[in-house]
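Next, two complexes with chain A in common: one pairs it with chain B, the other with chain C.
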Partner chain A sequence: MANTSPWNKTLAKQGWYKRNEIAITPWLFLLPALIMFAIYVVFPILQSFRISLFKWDGLGSLATHGEYVGMANYEKLLTRDRSFNISIWNNLKWLIFYLASIPAGLFIALFLNQTVRGIRLYKSLFFFPFVISQIVVGLVFTWFYDPQFGLFNGIIGFIGFEPINVLGDPSLATYGVIAAGLWPQTAYCMILYLTGLNSVDPEQIEAARLDGAKGMRMLWHVILPQLRPATFIAFVVTIIGSLRSFDLISIMTNGGPFGSSRVLSFYMFEKSLSEYGFKMGYGAAIAVILFLIMMVFIGYFLWRMYQDEKITN
Partner chain B sequence: MFPKPIEKSSRAWQLGYQVLLPIVMLLWLAPLLAVALFSIRPDTDFLVGNYWGWPSSFEMIKNYSMVFSSAMPRYIMNSFLITIPTVIGAVALSSMAGFALGVYKFRGNLLVFFMFIAGNFVPFQILMVPVRDLTLDMGLYNTKTGLVLFHIAFQTGFCTLFMRNFIKALPYELTEAARVEGIAEWRIFWYVVLPLMKPAIAALSVLIFTFIWNDYFWAIVLTQGENAQPVTAGITSFNAQFRAMYHLMSAGSIIAALPPVLMFFLMQKHFIAGLTLGAVK
Partner chain C sequence: MRYLLKATVASIATAIALAGPASAELTGNLKINLDTSNPAPRATMETLIAKFQAENPELNITTNVIDREAYKTQIRNFLSADAPDVLTWYAANRMKPYVEAGLLEDVSDMWADGTDIANELASTKGALTIDGKQWGVPYTYYQWGIYYRKDIYQELGLSEPANFDDMLSNCEAMIASGRKCYTIGNKWLWTGAGWFDYLNLRTNGFDFHMQMAAGEIEWTDSRVRETFDNWGKLIRMGAFIDDNQNKDWQQSLPFMIDGSAGAILMGNFAVSPLREGGLTDDQLDFHQFPAITPGIAMAEDAPTDTFHIAANAKNKDNARAFLAYIVSSEAQTEMNNGANLGQLPVNSKASVDDDKFLNKGFEMLSSNSQGGVAQFFDRDFPAEMAQAAMEGFQEFMVYPDNLDDILERIEGVRKEAY
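Entry: the complex of A and B
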């Protein structure tokens, strides 16, 4: 853009840097970020791919202490590891049920999108669960489910059910943790939709009202199409969040009971850094598989964003 | 506005809504309120099974001062010493990178931009073994510096996405006019673009503060023990120390959650502006 401006003729007589200032400056500005990003993000991804081909306990360097085993880690994971199977299925459960936070967030946003007195404070209080750390959310929900004094069992006892030890039951533990995860995630989706609703075109609503549209039909045909950017972001953050789930599982069940609430991210951590010895190569192989699963989604998101970029540029 | 403004409906609806609002809010926050209630109970209430009744006495000061006489203040201090340098570093790096990607057209611009976005989405686990190894090799394992360096690098992805989009939306004529005046490029960054980025810097700072404060995974991968661990990791050892003493564990959790909550309430506008970036076109 600026290269074509007539000033460059006068610049030509100046030093090399001055002449190439426009071409060099962006790279100088990018350099610190690129270096940090390369060291801590790009290279580690490649290294993990390499480590996953070794049997390595993390002591000494990979080259001297690691034993090259080719695809053996992957073979074992995909054919003989029951825990891996459970983890993958739990990841799928997370992926599906976590998405409930999107309609739930929309619902609360519609409920709160009013202008009564004090509504701002209500909106902030509803958003509250997203601000506190997942560790505290995990603790809060562990106590919420506690069979002895938990609020949850207080409620179901009140309706007349026997107390349930949600987190102690292998068939329920994962759902219990997902429900805890839905709490902050719904708050996140809610705030996305509240912002989206704020910028919905009032003229289109009035026009649709004159045409007799209201309620669900109005929502579906007039409002939701205008909320598409918010919905897209809600999908991105919820899907990524569901595959990243770690903190809640670590705090609430520690993968148990009997490993029934593990997901890939937790299983990987357990294999690599557990008290049963460090299996870095095996852990790296789990991480690579999780990475490849996520790349499918990341690839799609990036493609969508790229399409938008092409339009705006 | 959608749904229909409540003022335009009947009096009964309006009243119903006003009554419903606090009830729904209390239900929504019930798990948290329960913990707040626990944190002001005396320990004897738990022994006699008085979990939900009126507290037999209010021990707020006693319980919370117990928390402050444990290792908790140490962990909180660590959290600040990790979070604040990370915010400064990530904002600095991403302002520069965002400026480069938002103002200049050059080959590879979009490629670099999308690399930053992609990096921001990757699962932590793929980085875990090599980053832990690298940190050990640099002698930074179990130090705040090791944690800060990683956080800066990783957050740069998200921050650059944010900054670049913000700068791209600034009027293009500004930088062009400065160039016509013959101002050096770095001066354009410092005197023209940076002052306009204040809202973006504020929004990112609160957001990153909250993200880093709440980080748990990297805290347990890169640190151990009370001289470097932040409060998210510290709370688990705190809880191990006071096992089954629910009044103290509750008070500890509330203390650990407080700084980002205060940050949010003080800087609400910026926080939400940052979080909902891209939710509106």
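Entry: the complex of A and C
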């Protein structure tokens, strides 16, 4: 203690780090997140790739119970599995129709973006469906569609239509589930737009108003461009959300009737983990394909964000 | 204590070092996972476990009751990750994946020759045997058959059908009176499988059915088609309630209770909710599924529900004692009586409760099922096959005209599943 000066000690200790501080510090801050990301995201992805090359029932260890089959799972999926085709088509329907929540959310946000007595209450009521569990949403809509006592058939019966069994009709079931999914997703987009509207520049609106812009022209040329960041995020969460759709299908139709409302994520579950599903390798192959589809979108979004950053820098 | 004692005799030989004096009360822990989530079975199990607890006050018992449908997917997780000591499951092919993966305990020692279990449960030994070893014990079984509204049949002057023509003509009379013949809720697929089982057992016989289960017969075979043709006759005449593809079986019962449908093909567990729904024993009656092809011996579905020990269990001695307790004739008699499970005891020394439907079922299974006794479609057929076929049944019941396509698809699965 006495013969080493504290100054020397600090120098000796910090010498290497001091020299590389700028390069290392960001990595140190990133390290915890990187480790987590590697363990919980990267590793499982690689594991899925590996499992998809095996025939394995998911019980017992892969090494002893699995049988290496190469690309056989993919070959079967892509050439002679009709359920897989149905699932892909349904995913496409989800992708397209789920996007309706964006304009719907924008519309409600514009409608609620005013200062009236109790507006906070109205806003939270509109946001309510996003807060409650998807399972509850699914149950509510299952009762809503019920062919005997459901509100839906009550309404269309009142207008004079024959009752329809939405969830029991193979050509309608998927649309019925998507409609249920739109309810919470619209609320989500609404919140994104409401926060976006808060940051709209009042001076620009003032200026546009002086130039005589109103109504749709004002919305299209002045408001919407300023909402671009919100729209972008809404697109991202809606598209990813549509590819992840699972809970509503599971609770409302269980993939039925006769497998007509399956999507990839549900089919994957059914093949590998459900009551009669003991094909872990096959399920992993479906997961890999779903992953690749998602990567197209995620890659695009990342590229877009990267481009935006470059412009602002 | 008496039945506990005699049941542990078998396990003493193997576990003598650990078990110590077998007559002593059990200590330590016992973790039980149950799928008996419906009200009556749940109460029954809880009562029986409470009794076991009273006999072994030092034993620390934990019971988890899991929703019956959810249990079917959770079992694989808890068997490998957080294994209970004792768990409920089903016999035959349904336990096969878990046996092959080494997740269930081999309990052949309990079934050794000369033990009470071997003597008293002999009739179900086959259903619990895979590779010459036994993997659990049965605790209950029940008959399947047609439960019908006797008062409505009488009102229309109908009697129990003796053959398929009677069945069809009864049904015509029901439809003419503005009712449906059969209620069914087919969202979870197995209810339709019950219809296939019976139509196939009656059209082609037990041996043919079991050959199908073993994958030896093509689904596009003309004999299979005959089964579907018979089924199609009922579907096309409007015998079944509408929108059955998205109802569960509980949702199909009100049609029977309010009289808008006359009958249901179901296991005996349907009696309890039907009685609770307000039907008296004068209104509700039971008959065996009628013969279709003359000369074919009657065969029945009688699924057996079972208890197992997890291979990763920590308290296997306690678990064996519990299994021995649950199959003892006293526990069997009490568990299966009309006020509790309302099903048939597997122990031959247990007495069948004096309940109308249990008596009829017991009599049917013991005297008029010479063809054989099947477990049930999804227990006799391998999982992948069962899933694909039952989905086909669900579609067939809504769109009978798609039959060719459905059979082609199921046949495609058969070629790969075996």
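Convention: the second predicted complex is superposed on the first by the 268 of 313 C-alpha atoms of A that agree within 3 Å, B and C clash if a C-alpha of one lies under 4 Å from a C-alpha of the other, contacts with A are read in each partner's own complex, and residues count from 1 in each chain.
Operating definition for what follows: contacts are C-beta pairs under 8 Å (C-beta built on N, C-alpha and C of every residue); 3 or more make two chains touch, one makes a residue touch a chain.
Please read these numbers as outputs of a predicted model, since none were measured by experiment.
Counting the residues of chain A that each partner touches, chain B and chain C differ, and the larger count belongs to B. Legend: residue contacts after superposition of the two complexes on their common chain; A:R82 is shown touching chain C, with no touch to chain B.
Within the superposed three-chain model, A:L99 lies out of touch with both chain B and chain C [touch as defined at top]. Of the two partner chains placed by superposition, chain B and chain C are both touched by A:G58. In the superposition on chain A, A:L182 makes contact with neither chain B nor chain C.
Applying the stated contact rule after C-alpha superposition, one finds that A:G168 touches chain C and leaves chain B untouched. Of the two partner chains placed by superposition, A:M190 touches none, neither chain B nor chain C.
When the two complexes are overlaid on their common chain A, residue A:L273 makes contact with chain B and with chain C alike.
In the superposition on chain A, contact of A:N254 is made with chain C only, not with chain B.
On chain A, the surface patch touched by chain B in one complex and by chain C in the other comprises residues 58, 273. Here chain B touches chain A in the complex through residues 1-7, 14, 17-18, 21, 24-25, 28-32, 34-35, 38, 46, 49, 51-52, 93-94, 96-97, 99-101, 103-106, 109-110, 112, 114-119, 121-131, 133-134, 149-150, 152-154, 156-157, 160, 176, 179-180, 182, 184-186, 189, 210, 213-214, 216-217, 220-221, 232, 235-236, 239, 246, 249-250, 253-254, 256-257, 260-261, 264-265, 268, 272, 275-276, 278-281, going by the rule given at the top. Per the touch definition, chain A reaches chain B in the complex via residues 1-2, 5, 7, 21-23, 25-27, 29-30, 32-34, 36-37, 39-45, 47-48, 51, 58, 110-111, 113-116, 122, 124-129, 131-136, 139-141, 143-144, 149, 151, 154, 183, 188, 191-193, 195-200, 202, 205, 214, 218-219, 222-223, 229-230, 233, 240, 243-244, 246-247, 250-251, 264-265, 268-269, 272-273, 280, 283-284, 286-288, 290-291, 294, 298, 301-302, 305-306, 309. Interface of chain C with chain A (complex): residues 69, 72-73, 76, 79-80, 97-98, 100-103, 187-188, 242-243, 245-246, 378, 383-384, 386-387, 391-392, 394-395, 398, 409, 412.
Residue ranges on chain A touching chain C, taken from their complex, read 57-60, 65, 80, 82, 147-148, 165, 167-168, 253-254, 256-259, 270, 273-279.
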